[in-house]
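Both of the next two complexes hold chain A, though its partner changes from chain B to chain C.
So, the complex of A and B:
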C-alpha cells in the first residue's frame, strides 16, 4: 500500500476510533435524527397519504441537517498541538483530507441506513420499484456531505464562531447534493432514468474533491 | 565546515500589529543543545514555533536543517523535527499505546518501535489507559516517547520540565544524549534555570522578543 493511502486510512481509523469512544454520533446525533423522523407523524393529522408524500422530503431534510452535524461533530475537531504533530510527522495534507472524508462518509452511510427503515415504518411511502438503483445516489450524496463537512470544519478551525460559521458555509453547497439525491429517488419512483441526477452528484463530488485537494496545503499552514 | 542545524538572522514575528519577536539571531551547530530562558510573554514559545517551521517570520532570514524558512522547502525537513509543546499533542480518547502507534503508522515506523518507546518512558503498565484520563506528566511522557521513537535531528522542548518528575528528566537526558551523538541539535525552553543549566551547552536569554 502506498504511503498516501496508508496515511489516509490511519487518519480515518483514528477518527472512527475516537468517535466510537466519545459516542457523539451514536449517542447524540443518531437518536435526535430518529426523533426528528418521528416528530412529523406526531404533529400531523396522521393521514396516510399525507405521510406517504412527506416520507422523502423528511428523509432528505433529516439526513442533510443531522448528516452535517455528524460531519461537523466535535470529535472531528483537532487541537493546534494535534495539527502541529501531524504536520511535523510529514502527513500529506491531502491524505488527511481523504482520511477525514472517509471516516465522515462511513458515519453518514450509517445514519442513512438507520433512517431508511424508520421512514418506511412511520410514513409507509409508495414502494420504490428498484431500490438498489438508489444505492449509488445515496453513496455519492453521503460522500459530498462528508467532503463538505471536512472542508467547512477545516476552514473554520480555531475560530470562535466555528459552530455558526461552518454550517453557513456548508449549507448552500449542499443544495446540488440534496437536489441530485432527491430527484434520483423521484425519477426511480416514476420509472425514469437517473443519469442526469447521478451526473449532478458526481460533478458536485468532483468539484468538492478538487476544492479539498487544492486547499489542503494552504489550510494546513494556517491551522498551525 | 558543517552547516549549522539552525541559523536565524534578524528574525521578526508580529501577531497582527503586536511584535512578538524582534531581530532575533540564533545559530545552533550540530551536536549542540541550547536553552532558552526569559520572562513570561518574552517570545520563547514563538521562537520555538519559528524554528519548528510552523510560524512564518515576518522579517529576517533563516534556515533550519538546510531549508529556508518561509518557503515550501521546509516541508522537506519537517519530518526531522520533533516538537514537544507545553500542551501535549495527544488524542484524549485514544489510549497511550494507541496514541504512539498512530504516530508510528503515520510516520512509517513499526508498531514494535512504538511499544518499545512506551516501555522506555515507563508507561508500559499504563498502555491501555485513555490519554484523557492520564496525568499531564504521563501525557508529556508520550511526547518524549515520540522523540525516542522517531529520533528527530532537531529536538524542540517547550516548558521542558513542567509537570515532569525526576524520572522523566532522565528521559530528557537520554533524548539529548542520543541527539548529540547523532550530531543533531536541541532547543529547550524552561523556567527551571537550574535544571536547564545542567542539560544545555549554553543559554539564550530573550526579553521583550529580542535576544539579550
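So, the complex of A and C:
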C-alpha cells in the first residue's frame, strides 16, 4: 500500500478510535437524530397518509442536518497544536482530507442505516419495490456529505461560531446530493431508472473531491 | 476623481434606464409587467458578474497574497448578494401576476438562484466570523473559488432542466426579443453595470479605511502608556 493511502487510513482509523472512546456521534448525535424523527409526527395531525408522505422528506432532512453534526463533531476537531504536529510529521494534507472523509463516511452510513427502520416504523411509508437499488445512492449521498462536512469543518476550524457556520456553508452545497438521493428513491418507487440521479450524485461527489484535493494545502495553512 | 464621477454617472444612467424601461412598448402577453424584467434580468447578470469577480479576485489572493484582491473579492460578493436579493424579489413580484404564484418549487432557475444567494450569505458570514485578517482572506478565498460553481449552474439551469422558467432569450446565434425591448434591456444592463462599478469602488475604499481603523485600534503601546484619566467633579 502506498504511503498516501497508509496515511489516509491511519487518519480515518484515529478518528474512528476517538469516536469509539468519546461516543459523541453514536451516543449523542445519533439518538438526537432519532428523537427528531420521533418528534415530527407529534407536530402533525397524526394522519397516516400525511406521515407516509412525510417519511422520505423527514429522512433526507434528518440525515442532512444530523449528518453535518456527525461530520463536524467536536471530538474530531483537531486543535492548532495537533494540526502543527501533523504538518511537522509530514502528513500529506490530501491524505488527511481523504482520511477525515472516510471516517465521516463510515459514521454517516451508520446514521442512515439506523434511521431507515425508525422512519419505516413511525411513518409507515409505501414499501419500495427493490430497496437494494437505493444502496449506491445512499453510499454516494453519504460520501458527498462526508466530503462537504470535512471541507466546511476545515474552513471554520477555530472559529467561535463554527457550530452554526459550518452547516450553513455546507447545506446549500448539499442540495444536489439531497436531490440525487431523494429523486432516486422516488424513481425506484415508480419503477423508473435512476441513472440520471446516480450520475448527478457521482458528478457532485467528483466535484467535491476535486475541491477537497485542490484546497487541502491552503486549508492546512489556515489551521496552522 | 472616480470617487465622484462614477456615482453621478451611475445615477444618471439609472434615471435614463428607468425612462427607457417605462417608455418601451408593453408585451403582448405580459402587458406592463414586462418592465419588471428589465430590472430583474439586469440584476441577475450583474450578480453573476459580481460573483465571477469574487472568484477571480480570490484566485488572485491565493496566488499573490495581496490584500487588495481580498478587498475586491469581499466587496464584490456583498454587492452580488444585494443584486441576487433584488433578482429574487423582482422575480417573485413578476411571477405572481404572470405565473400565478410568487414561488414555484419545481422551477430549477428559482431554486438554484436562491441556493446561490445562501451560499454567498455563508461566504459573508464566514468573513464576519473570522477575526484575523490573513485567515479571513485565505478562508474566504477558498470558499470564493468553490462557490462560483453555482454561477454556471444557475445560468444553464433553464437548459439543463426544462421547468417553468423560460429558456435563454439572448444567445450568441439568435435574439428572441423585440428590438425596442432589447434596447431597454441593454440600457438597463449598462446602467446597473455602472452602479456595480460605483458600489464596488466605494466598498473597496471603505474596506481600506476599515482596515486602517482596525490597524490603528490594534496599535501597540503608545496609547496604552498615557497618563490615567482621573474622574473629576466627585
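In this text, the second predicted complex is superposed on the first by the 224 of 224 C-alpha atoms of A that agree within 3 Å, B and C clash if a C-alpha of one lies under 4 Å from a C-alpha of the other, contacts with A are read in each partner's own complex, and residues count from 1 in each chain.
Simple rule for what comes next: a contact is a pair of C-beta atoms (placed from the backbone, for glycine too) under 8 Å apart; a residue touches a chain by one contact, two chains touch by 3 or more.
What you are looking at is a predicted structure, and each value in this text was computed from that prediction instead of being measured.
Engineer: In the overlay, answer first, second, both or neither for which of chain B and chain C A:173 touches.
Structural biologist: second
Engineer: After superposition on the shared chain, which partner residues are touched by A:65: those of chain B (first), chain C (second), both, or neither?
Structural biologist: neither
Engineer: Where does A:202 make contact in the superposed view: on chain B (first), on chain C (second), on both, or on neither?
Structural biologist: A:202: touches no partner chain.
Engineer: For A:218, using the defined touch cut-off, is the partner it touches chain B, chain C, both, or neither? Pick first, second, both or neither.
Structural biologist: second
Engineer: Please indicate which partner A:18 is in contact with in the superposed arrangement: first for chain B, second for chain C, both, or neither.
Structural biologist: first
Engineer: So, does A:26 touch the first partner chain B, the second partner chain C, both, or neither?
Structural biologist: In the superposition, A:26 contacts neither chain B nor chain C.
Engineer: Hey, what residues of chain A end up touching chain B and chain C alike?
Structural biologist: In chain A, residues 221 are touched by chain B and also by chain C.
Engineer: Would you tell me which residues of chain C are touching chain A in their complex?
Structural biologist: 62, 111, 115-116, 118-119, 121-122, 125-126, 129-130, 135, 138-139, 141-143, 145-146, 149
Engineer: If we count contacts the way the header does, which residues on chain A are in touch with chain C in the complex?
Structural biologist: Its residues touching chain C are 151, 155-156, 159-162, 165, 168-169, 171-173, 175, 207, 211, 215, 218-219, 221-222.
Engineer: Can you tell me which positions in chain A touch chain B when the two form their complex?
Structural biologist: Per the stated touch rule, the residues are 3, 6-7, 10-11, 14, 17-18, 21-22, 75, 79-82, 84-91, 221, 224.
Engineer: Within their complex, state which residues of chain B touch chain A.
Structural biologist: Residue positions touching the partner: 52, 54-56, 75, 78-79, 81-83, 85, 87-91, 93-94, 98, 102-103, 105-108, 130, 150.
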